[in-house]
Every structure is written in C-alpha cells, then in structure tokens.
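Chain IDs A, B, C and D follow the sequence of writing; residue 1 opens each chain.
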Amino acid sequence: MRTTRPRRCVLAAIICSTLSSPAAWADGEVIAAFTKNQVDPHFEGVRAGVAQMAQRMNATVKNYTPTKPNNITEGMSQLEDVGVTKPNLMLFMPIDAKAQLPTIKRLIDSGLPIINYNDRGGDAPFLSFIGQDDYKLGYDIAKTLFDHLGGKGNVVILEGVKGSTTGDERKRGFDAAAKDYPNIKILASQPTNFQRLLGMQTMENLIQQFSTIDGVIAAADASALGAIEALNAAGRKNVAVVSINGVPEAVEAVKAGSLLAIAEFDGFKIGCVATAVGLNAIRGQSAPKQVTIPGAIITKANYAPWLIPYKDRTCPTPDAYIAK
Amino acid sequence: MTIPATLDTRSPSLSPDALALLGRLILIVLIAGALTAVDPGFASVSNLLNMLRQASLLFLVASGLTLVIIGGGLDLSVGSNLTLSACLAAAAIKTTGNPWYGVAVAVTSGTLIGFTNGLMINRLRLPPFLATFGMLWVAQGAAYWFMAGQTIYGMPMSFRYFGTGFFLGVPLPIWITLVVCVVCSIILHRTTFGREAYFMGANQTAALLSGIAVERRRLLLYVLSGLTAGIAALVYLARLNAAEPGIGEPLLLPAIAAVLVGGTSLFGGSGNIVGTVLGAILLTIIVNGLNLLNVAATWHPFVNGAVVLIAILADFIVSRRRSESG
Amino acid sequence: MTAPTQSQQRPGAGQFFSAIPGAGILLILMLALFTIANPRFVSQTNLVNVGLQASLLLMIALPMTLIILTEGLDLSAGALLGLSGVIVAEALLAGWSVFAACAMAFAISTAFGALNGVLIAYLTLPAFVVTLGTMGLMQGIALVMTNGDPVGGFTPAIETFYRSQLWIFPMPIVVAVALYAALWLLLYRTRLGNYVIAIGGNKDALRLAGIRANLVHLAVYVLGSAIVGLSAVLLIGRTNSAHPTVGIGMEFEAIAAVVLGGTSFEKGQGWLFGAVLGALAITVLRNGLNILSVDSSLQVVCIGILLILALLIDRARKHYSR
Amino acid sequence: MPAATAAGGHPADHAAAPLLRLIDIDKSFPGVHALRSVSLDIHAGEVHVILGQNGAGKSTLIKTLYGAHAADKGHIEVEGRRVAVARPADASALGIAVIFQEFSLVPYLDIAQNIYLGREAAFARFGLIDSAAMHAAARTILDDLGLDYDTHAYAADLGVAQQQMVEIAKALSQNARVLVMDEPTAAISEREAERLFATIARLTQKNVAIVYISHRMKEVQMLGDRITILRDGAVVTSVLRDEMSQTEMVGAMIGRPSGSQLARTPRAPGDPILFARGISTAKLSDISIEIRAGEVVGLAGLVGSGRTEVVRALFGADPITGGEIALSGSRAPTTLDARVRAGMALLPEDRKREGLALPLDIRDNATVASLWRRFTSGWFSPAAAERDTRGLIAQLGIAAHGTHQTVRTLSGGNQQKVVLAKWLAAGSRLFLLDEPTRGVDVGAKAEIYRLIDQLVDGGAGVVVISSELPELVQLCDRAYVMRDHRIVGHLDDDALTERAILELVVHQ
C-alpha cells in the first residue's frame, strides 16, 4: 500500500484542479447549454453567443459537449446527468432527434424548462424553438449559385450527415432549387458528414470522375473548404463553390474569392436569442413558440460583419426577429 | 560437411516476403485493370496520381506503426498524436508566420508522445496496447483543450506546398511517401537497428540474450512512430490548410488495417514497409473504385473489413502450405 | 504427519478485499470526491442514471471479460451492437413480432461470433486482426441496410421494455445484474467456466484433460456475440431508434473497463466482477465530471489518466506483494 | 529417516503378480535406439526407482508407458491382462498417471478446479458445479496426502513443490494405481522433498505403485524398494534395495569400472578471463568461479541445482544481489549488452525460446549478436552479412539450403550450430554453454565437441553445463560441482572423474 499513496495524491491533485477550472458562479439562474461537438467552430459560435447573453442577463452557463464528436450515447448520458443537477434552464440541440426525444420528454415532464435551438428536436413540448430554416437556407444558396452560373451548368452536391435533420433539410432545399433550373445538371450528390477531410477526398474523386464541374454546393463550410483545397490542387480554378454556415474561416474564403457565397447559419445569433428567450420565459415573460432567424447570403459585397471574432460581436435581442 | 555449390538455388526473388509483396502487387494490378475496363478514366494519369496521393496520407500514418509492429509492439496513439501535433504546429505557424517553427513543433510533439509511450512500456512495464490506449485519450483531450472548439486555418503558401504542391508533375505527398518509405526501408534492411527490430519482434527473450539493448531499441521504435505521426500531421495540415481536433482519430483503424493488409504480422518479426505502401494503395484503390462504380459510400467499411480478412486468410493459407511443403 | 503447515495461502474468496484493484480504489476516491463537490451526485436519480449508463457498458464488458480471459479480444463488439439493433428495428418495421425480430438478431450475431471463433480458435489467427476485419463487415452491413440513417418508428414495446421497472429497479439494471449473475454462474460454477479460464492459462492442459479446447474457445466468441446482439434491444429501447454506427467505439470502452477492473490480457488471469468495477469507474468518472460540468476536453484527458493510473496501482501492488 | 521406514514397510511381497508389467519394450527413433527390449515389473505398494544417466532411455520409457509414444515391439500388461496404451487417455483409464517436470496446471484455477479439470461432471447438479462438494472432495484427497493447502488457492500462487503435490493429488483423484514421477525433487528444496517422501510413503501404504525416476543416490537409498538401472536404452540390472551398494549402482550407471575413461589432452590455460567472487542472486548463494583463457570448465550438478542460474548471473541476465565479477582483470559491466560487447556469450539451455528467433532465417540469427561489431557505423550490409553467414555455415558445417532458410525448419543439431555461429561471429572470448548437446544427434554432438576444442585452442574460455557425466569428464579440464544452489566442490586433473562428480552431487 505504501506505493499507492503518492499516486493517490497525484490523482487528488488532478481531480481538484479539474473541479476548480470552469464556470465561475454568478447570482442568477444556471443554464445548461448543449452542443454537438468540440470540433466545428459553428458550435463555438453558439457557445459564445450563449455566454455573452447569459452574462448580460446575469445568468451562469454550463456547457455540455460529448467527448467524441456527435456521439449519441454520450449525448444521451449527458442529458440524463444534467437532469440530476437541476439547472434552471436547458438549451438543447439534438445529436439525433429521434433518439433523444424520450429522454427530453421525461426531463420536461420533471419540470425542467427546455429551449430547443439550432436543430429541431422533435415534437416535445419545448418552451420554444430558436433556429433557422434549413430548407430555405439550402434553397437560397443553391439559387444563388445557379443564378451565378447563368442558370445552366454542371453541379455537384456535398451533403451533410445522412439522416440528420439539418443535413436532410438542406439537401431538400438544394433539390428543390435544382428543379427550378432545368438547365442545371446535378452530376452527383455524396455525403461528406460536414467534415473537411471527407469533403476534400470526395471532391478529389469527383474531379477525376467528371471533367467539367461548374459549381459545388456544400451543406457546410468545412466540406466546402475541403472541396476548395481539392479544386485548387487539381487546378480547377473556375468552379464556383457555395456553402452554408458562415464560420470565420469560410468568410475569409469569401473575402479571398475562393468561396462564392455562404448562406448564413449563425451559431452566435442562435445562441444569443435562445438564451434570451429562455431566460425571459423562466423570468415570467411569455415565450414565442418559434423564432426563426433569417439567414443572409454572405458574399464579397457584405462579408465584413462576419469576420469579427465571436467575442467581439454584440448579441442581437430576440425582438429583432420576433417583431416580424 | 560440405556446402553444396548451389547454395542459393532458390533465387532471392522467391523469398516468402517477396512472394507476399508480389501477390499484393498483382492484386492491385488486377483491380486496376478491372476498373479501367469499366471506366477508362480510371487509368488516367491524374486519377492515378490522385489515388496515390490519398494512399500516401494513409501510408504516412501507418509507416511508423509498421516499424513498431515489426518490433513486437503496438501504437494505438498514432491518430491522436497526429491530431495534437497538427493542432500545435498550426498554432505555431499562425503565431510566428514561419512554417519551419510549425515543422519543429510537430516533429517535437510527435516525438515526445512516442518517447512517452516508450517510457511507459519500458519503465512501468505496461502492455503496449494499454499504454498507448491511455495515450490516445490523453493526446486527444489535450488537442480538444488546446483548440477550445476553434479551427486554425490559413497556412502560408510556402507551407501548403508540402500538401498541395507538385514536383516533376507528381504531388509532393507522394514524394514524401517515397522518401519516408525509402528511409524506413533503409532503417529496416540496411541498419543494424532494423535487423535488431526484426529479431526483437520475433523473439524478445532471445534478443535480450543475444546482447541487444532491447529497451533502448524499443524506445527508439516508439519515438520513430511518434516522429512519423508528426510528419504525417504536417502533410495533413498542409493538405487541409487547417487544423481541427477531429482529424486524427478516424485514421487509427485504417492505418492499422493498412499495416496488416500489407502483410506485417501483429505477432511481430515479419513484414516490411513496402507491404504497408501496397496495403495503403489497396485500401485506397478499392474506395476509389467503389466511387467510380457509383457504389454508395455506405459499402466502404464492409469492403475494407473483407479486404483485411482476405489478406490474413491468404497469408495463413500460403504460410501453411509452405510449412507443409518445407 | 509432522510436516510444517503450509501457511500463506491466500484464500480465493478473501481476495476480494485484500486485493481491490486499482479501479476499485479510484472508484471509492471518485465517489468521495464527487459527493463532497456536489451532494446531488449521490441523489437517487443520479445513482439510477449511473446504473443505467453502466448497465449498457456492462452488457459488452461482461462477455468481453470472458473473451479476454482466453487471451483474446473482440473489436467487433461495438459494430455488432449497431448491426444487431438495426436488424431488430428493420425486422419490426417489416412487421415481424418482437420475438421473431430478436431471434433474427440473435441468429445473425451468433453467426458472426462463430466466424470470429472459427478464425481465432481453429485457424489460430490473431484476435485483434480477425475482429478488426469482422468489425468492418458488420459496420458495413448495418450502413448498407439503413443507408446510414437511423431507423425509428417501430413498435414502442421496445422502449416500454427499456423504461419498465422490476419493483423499483429499472429494467436495464435488472438485465445487467441478471447477465452478471448468469455469467458468474457460468464462469465459476460450470465446467465451461473452468475451461474458459484454462484456455487462457494452459490450453494444452485442457486438451490433455480430454476436452475439445478449440470448441470451447469458439463457444466463448459465439456466446459473447450472442449477448452483445441481444443487448442491442436495450440500446434501441434507450434511443427508441436504431443507429447503424451507435456502437462504434464502445468496444474500446468495454476493453478499458475490463482491464481497469484488473483482468489481464495474459494467462486467464482476471475476474468477472472487475468488469463491474471498471464499467462503474468509467461511468462514474464521466457522470461526475458532467455533474460538475467539467469541460469535455478535460474529460477526455481524465479517462486516459484514469486508465494509466489504475494500471499503475495494480502494477505497484503486484510488485510489492511479491 | 521415518519416511524410509514407512516406505520400506513392505519388503516386496512378490508372491502376488505384478500390477504392471512392461515386456520387451523396444523403441527406435531415426538414428537412436532408445529402448532395447526393456522389461519391468511394477508391484502395488512398491517404490520402483529407475536410475540412469541422461540419454539412458528413461523419458522414452515414461512416454511409452503413458501412451505418448507407441512401442515398436513388446507390450504392456496390467494385472496379467495385456492392454493397449495408444493414447494418454488409455493410460489414465488404466490408472497410470505421470507427473512430468512441466506441470499441467491452469494458473488461475484453484486447487480443487485443477484437480478435477475435465471431470467436473461428477459434481454437477442441474448443470451447475456443486462447488462445496468439489472442494470437499479435493479436501479429502489433500488430507489423505497430509496437505493442508487451501483448496481455493490459485495454482499460480503455489510454489513448485506445492504444484507438484497438486499434480499428485490430481493423479490420485483419478484413482491412479501407478504413479510415475519424473525427477520430482529436481526443482524443490530439501524440506519440500521430505514432505514429498512422506507423501510417497503414504501412497505406498495405500497400495499405489510408484515409479520414481531420479539420479539422487540418497533418495534411491531411502525410498526405493526395487531399483532398475538403465544404460543406453537397456536394463542393466534390476535389484532389491539391499542387494546393491551405492558404489555398485554408480558403477552400473556409468557402465565402466570407475577410473577408466577416455584420455583427455591436457591443456595449458592462460590468463584469467573471468573471475567471480561471492556471487549471490535470488536463487544462488556465494558462488565463486574462475575461468581462464584456453580451458574448458565444467559446471556439474543435477537439474535445478543452480547451474543455469550461475551462467545467467555471469552473463548479466539475472540481477546479482552480492559479490563481484571481473572480466579480464577489470570490473565487469553491469548490463547484459555491455557484457556481450566485452566478449561474453551464452548458449542457453532452451535454444528455441531463448537462443533463436525461429521465424527468421539463418542469416538473421547468425548475425544478430555481431551486428554492433561487424557494422560499427550502424549501417548494415546484406551482402557482407550474406558472406559472413556463408562462411559460418561452412565453418560449422550447418546443413541448410542456404542462408535464407528459416531456422524453424532446421534440425536440433543445426539449430544449435546456428546459436554457436552467432557467438563465433561476435568474436566472443568467453562461452557459457548450457547443455550444448541436448537434443542433438551423435554426429552433431561430435562436431560441437570439435568446435569447443577449436574455441579453446583459439584462446577462448569455455564453461560447459551438462547432465551427461562422460561428456563433462571428456570435455572439461576441470569442473565445479553444484548442489542446492551452491558450489560444493572443484575437481581437476585426475580428480575429475564421473565417480567423483557423482559422489559430490549425490552425497550429503
């Protein structure tokens, strides 16, 4: 036993240091904010928005993210665990709506107020849904590209994660737009899981397969950025690429001209509005059933506001969107 | 007892290792031929180079791992080592603007992680599987913590050349693969260290009793594995033009598969680096071919699994036949 | 007989307390620390949560213990969990009865277990490589069957089962405890159990005793896969849908749990209860860190350090007890 | 000697028919006539000692009895009935059990489970083992043997002697009527041996027949009711204990009147190469040895007397806890690899596990220990290694297709030569040879002797461990004799005879 003692001290030190790290206590309510992974900067935007609005409204935020990206079992466990800590408000985005719905319903039944944000979480009695219209984002950005191409040309689609609401809705938007343009030919549509490496390798293979590609629609910035790398490496200069999200790196690409346009899916704004709506609701105001934040099309003409780092941006209030 | 004059009547090209490599090469050629028949575009120079470039990324992760496995070990931390090294290197390049700092950082961090693995296995006598499995989590967590949800992007052109550039019409990652392959090959076959690694892998006790400094050699093997993970991190970084904390983890199992499909035995003491190159090409060509045939991406894991099983079964049958005839 | 008495025989049953493995020590420490840091940690709801989460991990870790006792490994367990869930879900959607759907999943899991077992026991191929290959097969089939999409909308009976309780105990915990009891009986109270330990410890001795050792070896893989296949029912009950890739990575977590609990990769040394300790240690760590809302990135580091620490404690104790 | 009295309580009552008879058993292997028409009568309640040097045919005899080898000629009778023993299972069914030197216990099963491994059905109730009943049964058997072991203890936690006792218990639980013990005291301490003898006494009282194989004269005198001496595969004599003196037995084993032996060419040793003083390790105490250039030093003793441990300690393979080792006059380096570089070489007893990498080829194996010396820059040249290997193959007369033949496919003698080649290439000056001729055929044996001569002529020092006394006496200039992990004697010149060694080995 004598040898284990020093090791135990080390362990105790580690655990104590981890306990003391995050989340300084404030006076107000405790918000549990869920995001899907630690990899995609979009969710960093969400977390930044939640943090800023919570600070402004004097509440405390605790973040929950699975250790493995988009891991559904971990996401389930975290939901269950958070139920125990009884936060005053939960901001929830599903990793998989179907899977998490039963647990969410039970949490709501137990009296926990939950705001659904970013992705639709199914038909549970949420206080409110704050997000954007993925179908419309998909439709608008595809239309932007098709107009840019003059209504005709060969286009490939890099889809998101098959089966995710976000991915499927955006895809539906792309397809709907394509129907409106009879001279646009969709060469291929392949899943890239919102990932950069997969976006790049899929694009590399598509380049080999098709000699003329005029446009690329990516369901997310990361896939688009990967695809641009592949196009540059292959020397395909005149391919117009569009995507959805608007993370700083992609906006820089718009500025540089390698990305034609982005349909804004703004995590920062979603985080801000969700926090405000939720806090207002638990402080006695009535909550709108749904707040849909319109997505701008970010182009070379208007990119500047999206280049500001998240921490320097100012949270919009919900009123800006509810009034309409 | 005299030695027959025809000591080596069996020509060296028929040695078991060469036979295994030849078999894999023939398989690759057959698949390539079949794909060309289906779609002549497959055989275009640009597609072949594209495929080789993808294979080279996989190979780079698997190269150091091959050395470790030949030496009788295992390194499960290569994927997360790559992640952490790429993230640190990207930060270094971003803050200094000088790519060489990035190179130094990636190589150092990769090597340090490998060194720590070796130390844990040598000094604490942890089984390689577990020591490197623990390291997998630690390095991955460190990368998440370091990146705090961000990506670091926008590498200078001079640096991106490593991933995207061409030299003599051939993509640079392929050249790097060639260099790493030649260097590993030289290490394995033209240095005393390499010969000792094979011996260690085949029989650790006998290696120790033959005067091989087993612990130092083992440490070096893990350092090399870490180093190649660091180099691979640089190529990935240059190729992707961005570092995010999720890039390395999905590479671990394909890298192990490439080593095994390449004919290196998990028991140690056999195999070689060229096999791993062929293994990486085989795994890549199959994915490439499936895309060409418009087979859904969902089939990829199945085909990869089948290739792994077929490879070990083929080696099993060949080795059994040889031991029966010998 | 005047011979000196043979002392210093450590009794097998008494080893429980004299040799609490590293995971046990860490578990107790964590329980204490988390309770001090946030008393809600020991609330009934949270303990049920820990139980539920650990029970799923246990469903894989328990059969994995048997496999590791034979000096083997099953990397395909996680993929099989996903595949089996998909099969049950698709069969239910196709109008099969719950029983028939489970029987189908059971049959296919068993077949894959037999494939692993034949390659490992009879052809003596390394378990790591074999199960890496079959993992690809299983994952691939699940993906192809579902096109990568989650499958939902099947009969709520499965979820009802997952949420049901036996007296005050949630069903998954009951099932895990029952499985533990069954495997405990199998391992420690049946012939087969002795043979499992003998395969890892001294396969030749088993052959010499006239036992068809390879058949037993094969049976361990078949049994392991059958259990994992059936546990998929609990998993899809939990999520009310089947995900083709849901189990990926769980095999490593299960292996970690088994090893944390003090089961070794060599010589058939280990114990079934170690898997319980290991699974609880991992679950409590994650749960506790969640309750204290520790940053996810630090959670990842903590798991790695926990693993290495537990191994070090075991090593140190073994070293000084000799 | 209470045990001996107990065992001797049955002055062989040979009116009854023997329990087991071996009749004219003959067995040949390629190149070796292992058993020549051996006949043996084994009576119930009797300890039948089989004496013989290494290679006398003892292990072949056991294996034939146990069904592991099929006899070429002759047959076995049990209680007067002719029986077929084709497989170990047949032997078990007839009540014949063998306790080999390598045990067949499963480390992490407890004593009771090990005893009943494969026969659990006897305790099964509704498919479950009645653990209590099994432990009770095991308890009874252990009590019968006078052992108070906890039946719940793992085999892994038992000492060698205890494991051996469990093996005996396992044999008895199968109602063994004939128990064969192969050098049972080889690896256990004096006190443990006494317990074993007491156990044997109990067994004979229960009418079990014991076939006891040993070299130890003291044990033979104490235990044996009947003694059969084997030499070169044939029975020299079979006598009752009191019919033959110890000296006569030794003489019968050696086969020559003592004193007569092959002439040894005297050598003129040079300067000391190795000098070890007061070496102690976990398994050795106070070993002092000197080896000079140009001489062959023998290390005699029984298996388990600490011979192997001595060379391992000298080689740096086991950590030493006391004493010091000097190499060529200066303090020896501490690590094994440094000692190899200083010119030491070890030819281990178990060449397959410790000497060779079986899946690799001759070149890899023959060059592995000399890489540091041959390729000082660290660059390896396959061509040079190839040349060297061909040279070694020619020099040692290794029969192989070529340098790329895998070592696994070589014969035992040729494998041994590859190990020697490894050290020749390393230019070693001090060779520690642990049983260099075990498991090699006569031709290869002669070549190994020739090689040892060459080495010594070239100024090397050689230490030879051998269980074959004629070999030791013929090869060595002088010899240290070991017993119970100590050096108990040093013989040189005319004093080095088989008899002198045997007397030191066996006497108290």
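The rule we apply is simple: contacts are C-beta pairs under 8 Å (C-beta built on N, C-alpha and C of every residue); 3 or more make two chains touch, one makes a residue touch a chain.
The structure displayed is predicted, hence computed values, not measured ones.
Chain centres here are means of the Cα atoms, and by that rule the chain farthest away from chain A is D.
A straight line joining the Cα centres of chain A and chain D is 72 Å long.
Taking the mean of the C-alpha atoms as each chain's centre, chain C and chain D sit 44 Å apart. Annotation: 34 Å between the Cα-based centres of chain A and chain B. Put simply, the C-alpha centre of chain B and that of chain C have 31 angstrom between them.
Shared interface positions of chain B, i.e. residues touching 2 or more other chains, are given as 141, 144, 148, 297.
For chain A, the set of residues that touch two or more other chains comprises 38, 67-68, 191. For chain C, residues that reach two or more other chains under the stated contact definition are 147-148, 295-300, 302-303, 305, 312. Chains that are in contact with each other form these pairs: A-B, A-C, B-C, B-D, C-D. Across the complex, chain C meets chain B through its residues 119, 123, 125-126, 128-130, 132-141, 143-144, 147-148, 252, 255-256, 259, 265, 295-305, 307-308, 311-312, 315. On chain C, the positions that touch chain A within their shared complex are 25-26, 29-30, 33, 37-38, 40-41, 43, 45-46, 49, 52-53, 56, 147-150, 152, 159, 163, 235, 238-241, 243, 246, 249-250, 286-287, 289-300, 302-303, 305, 309, 312-313, 316-317, 319-320. For chain B in complex with chain A, the residues that touch the partner chain are 41, 44, 46-47, 50, 53-54, 141, 144, 147-151, 153-154, 164, 171, 236, 239-242, 244-247, 249-250, 288, 291-292, 297. Listed in rising order, the residues of chain A touching chain B in the complex are 37-41, 43-44, 47, 67-69, 190-191, 195-197, 200-201, 204-205, 207-209, 222, 225-226, 229, 232-234, 247, 249, 252. Taken in their complex, chain D has these residues touching chain C: 88-89, 104-110, 113, 117-121, 124, 127-129, 131, 146-150, 152-154, 156-157, 162, 191, 194-195, 198.
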